[in-house]
Amino acid sequence: MLSSVNISPNHAAGNVDGAAVPVRVGVAGATGFAGRELVRLLARHPFVRLTTAMATGDGRPRRLDGLLHIWDGEVVPLSIEPLIESCEVAVLALPDASAAAVAPALVHAGRRVIDLSGTFRLRQAAERARWYPDADRGEAGDHAVAAEAIAYGLTERRRDQIRTARLIANPGCYPTAALLALEPLAAAGLLDTRADLVIDAKSGVSGAGQAPTDRTHFSSCHGNVAAYGLFEHRHAPEIGQALGRSVTFVPHLVPLDRGILTTIYARVQPGATETRVADTYAAAYAAAPFVRVRGEALPEIRDVAHTNFCDLGWRLDAASGRIVLVACLDNLLKGAAGQAVQNLNVALGFDERAGLAS
Amino acid sequence: MLSSVNISPNHAAGNVDGAAVPVRVGVAGATGFAGRELVRLLARHPFVRLTTAMATGDGRPRRLDGLLHIWDGEVVPLSIEPLIESCEVAVLALPDASAAAVAPALVHAGRRVIDLSGTFRLRQAAERARWYPDADRGEAGDHAVAAEAIAYGLTERRRDQIRTARLIANPGCYPTAALLALEPLAAAGLLDTRADLVIDAKSGVSGAGQAPTDRTHFSSCHGNVAAYGLFEHRHAPEIGQALGRSVTFVPHLVPLDRGILTTIYARVQPGATETRVADTYAAAYAAAPFVRVRGEALPEIRDVAHTNFCDLGWRLDAASGRIVLVACLDNLLKGAAGQAVQNLNVALGFDERAGLAS
Amino acid sequence: MLSSVNISPNHAAGNVDGAAVPVRVGVAGATGFAGRELVRLLARHPFVRLTTAMATGDGRPRRLDGLLHIWDGEVVPLSIEPLIESCEVAVLALPDASAAAVAPALVHAGRRVIDLSGTFRLRQAAERARWYPDADRGEAGDHAVAAEAIAYGLTERRRDQIRTARLIANPGCYPTAALLALEPLAAAGLLDTRADLVIDAKSGVSGAGQAPTDRTHFSSCHGNVAAYGLFEHRHAPEIGQALGRSVTFVPHLVPLDRGILTTIYARVQPGATETRVADTYAAAYAAAPFVRVRGEALPEIRDVAHTNFCDLGWRLDAASGRIVLVACLDNLLKGAAGQAVQNLNVALGFDERAGLAS
Amino acid sequence: MLSSVNISPNHAAGNVDGAAVPVRVGVAGATGFAGRELVRLLARHPFVRLTTAMATGDGRPRRLDGLLHIWDGEVVPLSIEPLIESCEVAVLALPDASAAAVAPALVHAGRRVIDLSGTFRLRQAAERARWYPDADRGEAGDHAVAAEAIAYGLTERRRDQIRTARLIANPGCYPTAALLALEPLAAAGLLDTRADLVIDAKSGVSGAGQAPTDRTHFSSCHGNVAAYGLFEHRHAPEIGQALGRSVTFVPHLVPLDRGILTTIYARVQPGATETRVADTYAAAYAAAPFVRVRGEALPEIRDVAHTNFCDLGWRLDAASGRIVLVACLDNLLKGAAGQAVQNLNVALGFDERAGLAS
């Protein structure tokens, strides 16, 4: 069991007589699914003051009715200068192209940025051009964000980079689940690198975004399961980059709102016993408040929905060396807004759990 | 128990050596939810040949992929002359304004029409103008459809009119459930006409139509219930017209795809016993293959989904005279396409169940 | 907007050098749906220490796997003496008969009790005997709980009684929604008391409890809506007691897990305008952090699920005097565990929101 | 497009003056999910008379309320002698042990049997003993069913054996989907037999059976996805037997009622082009009314629910040789009762589609 849930800031800056001055944080992209979760979390974060919430759209200020009594401010049109003025840290939940335009200006102005788009996740320019052709990161210009200023924000696996980064590229929802399951085994050399790595993910419909389409119509999803994005989903190269190998990744839409369950099929190296697997996970996540290692008690979405947890389980068939990993999380929290706040906490030296009780 | 499910046409016309010549039927509006059900039912109807399926839209022929191997034809752009040429009976599942434009021309050309829109349901011009302002039925012109040529197609309650009508105005999904429950009691004088009549309906999301909107987004509906249309839903005057009184009608969207369950709150006249209520329903629906009178075994949507049944139940509190009626049906079948086929069967003298086994 | 979300205890007792000593709280009935929510909330409550979690059942200690990292203690078999020893306040989420046996002993031992069962809600013995025949409250014995020591825990409407009560009878989920909507209008004399009061409620399946039955099987509920308990649900007299009149109450199961939406049909007194209705609600809930008065923006379950909010809306048809009220809440939070914690906060002088951010 | 949907029996036996005498069929296990579908289908089958419906259980006759007006008979207690007397063909939807006891007696009495249990699917005694330890097929006794009298009823792939078999072992729901996708490619030598074969299946909850358990509780399934049966599900050896190789099979419960979508990960042999794959499927299912080959238009459950179709699609990554197959069906129809009726049609020489329009 982790120690007490009492949470306090441990960063020195801003302390006046023992009371922390809240950090000013702005959200851009506040009306999408992830954006609203950001507003909800940051409005109640003990060490943060949510100073502005902006959104692209028709330009009229609007309220977030569901957040009445939680955050009663107005969402205003996205505008870079006012955003820079209003915050020390900006959290972006914008479309890729908007993020590509906004983030460099913020970094250049000395703001720290946590970006939930895919724009800054892939390190190689060729990969970016292929998978994010519309996201011009201004790489040739004065406002380019230097590669070394960017951290890939898979919190539990990149804390050191996150602490010092100017821009944190928050991972995709699918890569978060897949990599929290795979990285420890891969790092320990327990996986047979010659065998195929198959990642079959099942996602709730909120993962498809807020735009009403034929695909997101209730009658299309209810009572339905559909595979999509075979051999062409942008999260496959993101997973592959972290693992240094190609993977077969197939996401599916399942009829629920929030949550991802990912089933991963691999083979272990000879001699990789159940005990070694268990020890590897236990060591990897001993100090991780939001990763719950459940072993043979396979995780299920219902235990992680509406939380920032990622739960991990597995079964190893010792005779054949086949291993099946199961990871699950809430795509809007640990897969998006929750991990963003967790990264903000790490970046600012707060307790990693601050503001994430819910 | 009803007699055998063997089905055969009993209309003389068209018989050649004992084998019926199928009636040519066209569907206009074949790509919406109700339209696709019409195609599915008519493609397998034993006494019908589906000659054409048309739709408004972008003008490109398209296939109904889900109906592969059931009906493999192409849906073509809506066009009145080809529709007239192709059919003896046209079934329209069009927007109100389109139906208003198409139906009179079909009737004028001697075709029988079954119209699923609301355009022809309300008898009084003032009511039509208020509730269907966009549906110009050409009432002043040569192609007007005479009121006496129109039947309100609540099958079990209007068979005589349906047999002879040129245009059958298929009832709304909500009115079908409400009126099948209420009309027998009202006709028998069992309801206290001074007491409020409250109709609280719960509908699956397919009832909101196929257009992707914020309201029909999966994430808006899943885990949600929402009331809508209070004091302003067009099905309230439709119910009121049949009953000759005003009603309080509130529909709700519930997170399922197909089905309506309607709970009706009324008071009975003094002396209206449980036995009289039961006898009234039994008599009303003795010969109705698709109305199942279930009494105290309250009906539930799961028993009627994907069928053409309307199930009815009730509870009477004898001491107080309060009665609660529960009616349910599949909004796309008994509430739309199924009842349309049932009406087609009645209009053409077929067995009422023909083509409606599923 | 309510003031700051900073929360601090304002009860003097227990302060040592400015730091509050947490109040020791025990939960009995920790493995049911409401019980697990209690554990989740109390484990993170800033002014409380959850000292024990007990449950009836097979007697073996067990863990609440879904709450791993939130509360990692063991749930132990229910036993009165250890419960008395472990806590200053006991929260009971037990079956009625168990609550009837346990609560008086706790009160007699000087513990404050918040009881989520129905045992202590009805004031009249005849009503209790009718609706809770199995719940012997020991009324004839030494351990009886005096009526004046019991408060009906509808927080926003009974704060004064809750502050001083020894036993708080937490309201039922349905009555909470219905009464928060109805009591202000009734108290203001705005309702026509001669007209029928119809309460049509739609509840998620968690409201049916954790026992696996035919009724709670997924395949029974998915795609289904079912009315139940007509004229025989125990929440009807609970609502009636608070309003001083009889009501027609029909609950329905709808295919979602958490949440209740209640639609209420009434008539207002002549002269009861929209403005008076709005002013009445605004005044009633001006200082209520968990009741959101939404007026014509009718509330929906998705905005209250996983929160302690109760949202209220209405539509008044001025011409006819008919009014429709809509109330919704999360049945496990504001309808059970959340309101229990809210009552605990009121009873102990804490900020009413403490521990209820999520 | 397949030819006309007109369906007529082509078996000579039983014809009297051109009218077929219906075949007498009995159902044992009529109250489970699959059993009720059997009753529904057989009650309306044009060439069959459903003579009896039996069930294990408490011994009291009961009605199938949801089938009112479709089949109004009583379900009576299971009893072998009356079953033998009542039917020419018996369809069994019984628990494994019951099927093992009943089927041999029926075969011995000259009845043809279609068995939906797993008892008769595995050919090797050692496999049966391991996976079905409780199902004693009486193999040592007089009533043993000879192996050569048993056909594995994967209709489209075993029509010849089905025509002559005395006992048809209806395949499991998961194997039906997996094998209809895999067998044609395997038979054509297109699969790389050295690569792992990963079968990730997503099933609706009706697949878990009708018994109310913690696992099938609505609140356990709603908003949830769960993997189960890793390395220990009985359908894995069933699939492996048909393919002659081991497979990795992981089923998941997803929050819908009816339907399975199976995603299969394999590698093709060098030179196995998209065209060869497409041609192979087209040839395999050219004459199959219930298999719809959809190619790159990946199938989805909503298109097959409430039908007897199995839809197949795939994507081949030519560069790497990885192929992903997607198959889906309704687990209670093509995965159980529908395929049983299809097998009955084949066994008796009827049109394969008879009674399966819905």
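Should a chain be cited, it is by its letter among A, B, C and D, assigned in written order, with residues numbered from 1 in that chain.
By our rule, contacts are C-beta pairs under 8 Å (C-beta built on N, C-alpha and C of every residue); 3 or more make two chains touch, one makes a residue touch a chain.
What you are looking at is a predicted structure, and each value in this text was computed from that prediction instead of being measured.
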| said: Going by more than half of the contact pairs matching by residue number, which of A-C, A-B or C-D reproduces the interface of B-D? | reply: A-C
| Looking at CA centres, what chain is most distant from subunit C? | D
| request: Find the geometric centre of each of subunit C and subunit D from their Cα atoms only, then give the gap between the two centres in Å, rounded to an integer. | output: 48
| query | When the C-alpha atoms of subunit B and subunit C are each averaged to a single point, how far apart are the two points in Å? | reply | 42
| query | Can you list the subunit B residues in contact with two or more other chains? | reply | 220, 222-223, 255-257, 302
| Interface residues, subunit C side, partner subunit A - complex | 1-2, 5, 43-44, 65-66, 68-69, 72, 223, 289-290, 292, 294, 297, 302-303, 306, 309, 357-358
| query | Once bound in the complex, which stretches of subunit D touch subunit C? | reply | 33, 205-206, 210, 212-214, 216-223, 255-257
| said: Using the touch definition from the top, list the residues of subunit B that touch subunit C in their complex. | reply: 195-196, 198, 200, 202, 204, 220, 222-228, 230-231, 246, 248, 250, 252, 254-259, 261, 263, 265, 267, 298, 300-302, 305, 315, 317, 320, 322, 324, 326, 328
